[in-house]
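In this document, chain identifiers A, B, C, D, E and F correspond to the written order of the chains, with residue numbering beginning at 1 in each.
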């Protein structure tokens, strides 16, 4: 792919900022839904039990650590692939 | 979710609108996910009857309350994390 | 968050109209897929059996009532949270 | 789906295009969902062979027909509902 | 629905091109995820076993043939429905 | 993925940006799917502890490597197909 000029680069970065916001919100919502689905299974009352609440807390913790780790590995692999001229071809 | 949308000073009209838009999108996305999760947990998928029975109705009501509570807990937790370390877990 | 001026309010409403259309279509498609997945399980013929058809009808009914109910509760909770200054902060 | 797209009088060029766009989006979304649902119901996920076998092929053909029929039934039902009560079930 | 003028038609086609690209990429990603989910189940090593690799190859083949077939049937049904004045009404 | 994005000659500035945008979207979509798939395969959903244990951590690392390898295999296969027949399987 041809390199972008600095002006094109700036335009691209502008467009990316909006997307990052969206992606962050999407990840946040995924986390809420995932931990709700995995931890909440009884509907005898309308408040969380203490057991459910601590499950949610551990769930959030674990998945944040998980995506941190996955993100690190993903970037390493992506960098390695770019260096070897992998998927993005040429 | 003030930690998501809060506090940039001196923003333009376009930014104000975009921010309001983002909040509405967030609420609407939450509603979509709540419908998915609560329908799955509360509605019997054999569909023997067209009406919600008593058990399903009560389950749906409580499910909404619990979904909101989880949302609040997760939001509080992440605000806490965001204050502890600046930087953040969700950078890609 | 700062209040919007009337002009900004109108611009926002314009953008929202397109989204509402999209959301309605998305909900419609969800309903079709959900009831198809839950009610159709045999492929011995290419037409719906009467049993499948009535399952689909009850499924649509039940989920429309379900989302009506969920929407009502959602708005109540959302209003209560806004009143108490909850998630949207301040 | 005339109940979704039908009948506003005197619309502008932009609205006409947006309406056509919405119809195409709807068809394309239906296709995506049909691929999801029919692949799941008809294709054996052990992948012992690269070709579709006879059973899978016939199942896919019938699955498309049934998916369309469900779509028609749901659409008719909702048009009926929309005529009975104005206002509607899907307002958020 | 009113027919589009040639100019409106061109504008619509322009908008569609971007979407087709997106849809193709989405289908590609679906295929990767689907075949990964169905074929990869052990994490004793960081490389694919030969068994996993051939499962992925057959999975891709089968799903491409499957979507080809589904696409053909879909277009037939859609054409039949348009001819009979079906869902799009009028 | 040069078969997706490669080689149109003489493109405008807008096209160059759109192409770069599409590549970023593709990478970001891959990351989202990888998180879904690898979390499901590696993280025990009983959440008895807040930390990733050794087994989960190793599983996540290997899962990323395998996900990339599958991505490469599928991409190579489709480039091969695309060269054999012009026209293509994914036209709708």
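The criterion applied here is as follows: a residue touches a chain if its C-beta (ideal position, glycine included) is under 8 Å from a C-beta of that chain, and two chains touch if they have at least 3 such contacts.
Computed from a prediction, not measured in an experiment: that's the story for all the values here.
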For chain C, the least number of touch steps when starting out from chain A: 2
Neighbouring chains common to chain C and chain E, by label: D
Between chain C and chain D, centroid-to-centroid distance (C-alpha), Å: 16
Rounded Å distance between chain A and chain D, as computed from the means of their C-alpha atoms: 30
Of all residues in chain F, the ones touching two or more other chains: 25, 28, 31, 42, 61, 63, 65, 71, 92
Shared interface positions of chain E, touching two or more other chains: 23, 26, 39, 57, 65, 67, 71, 74
Topology of the chain contact graph, where touching chains are joined (line, ring, star, complete, other): ring
Ring order of chains, beginning at chain A and proceeding to chain F: A, F, E, D, C, B
Of all residues in chain C, those that touch chain D in their complex: 18, 20-29, 31-33, 35-37, 39-41, 43-48, 52-53, 56-57, 60, 64-65, 67-68, 71, 74-75
Complex interface listing, chain F residues touching chain E: 4, 18, 22, 25-26, 29-30, 33, 36-37, 40-42, 58-59, 61-63, 65-67, 69-71, 73-74, 77-78, 81, 89-92
Residues of chain C defined as touching chain B within the complex: 1-2, 4-5, 8, 11-12, 15-16, 19, 23, 26, 34, 38-39, 55, 57-59, 61-63, 65-67, 69-71, 73-74, 77-78, 81, 86-90
In the complex with chain A, residue positions of chain F that touch it: 1-3, 5-6, 11, 13, 16-17, 19-21, 23-25, 27-28, 31-32, 34-35, 38-39, 42-43, 45, 47-52, 56-57, 60-61, 63-65, 68, 71-72, 75
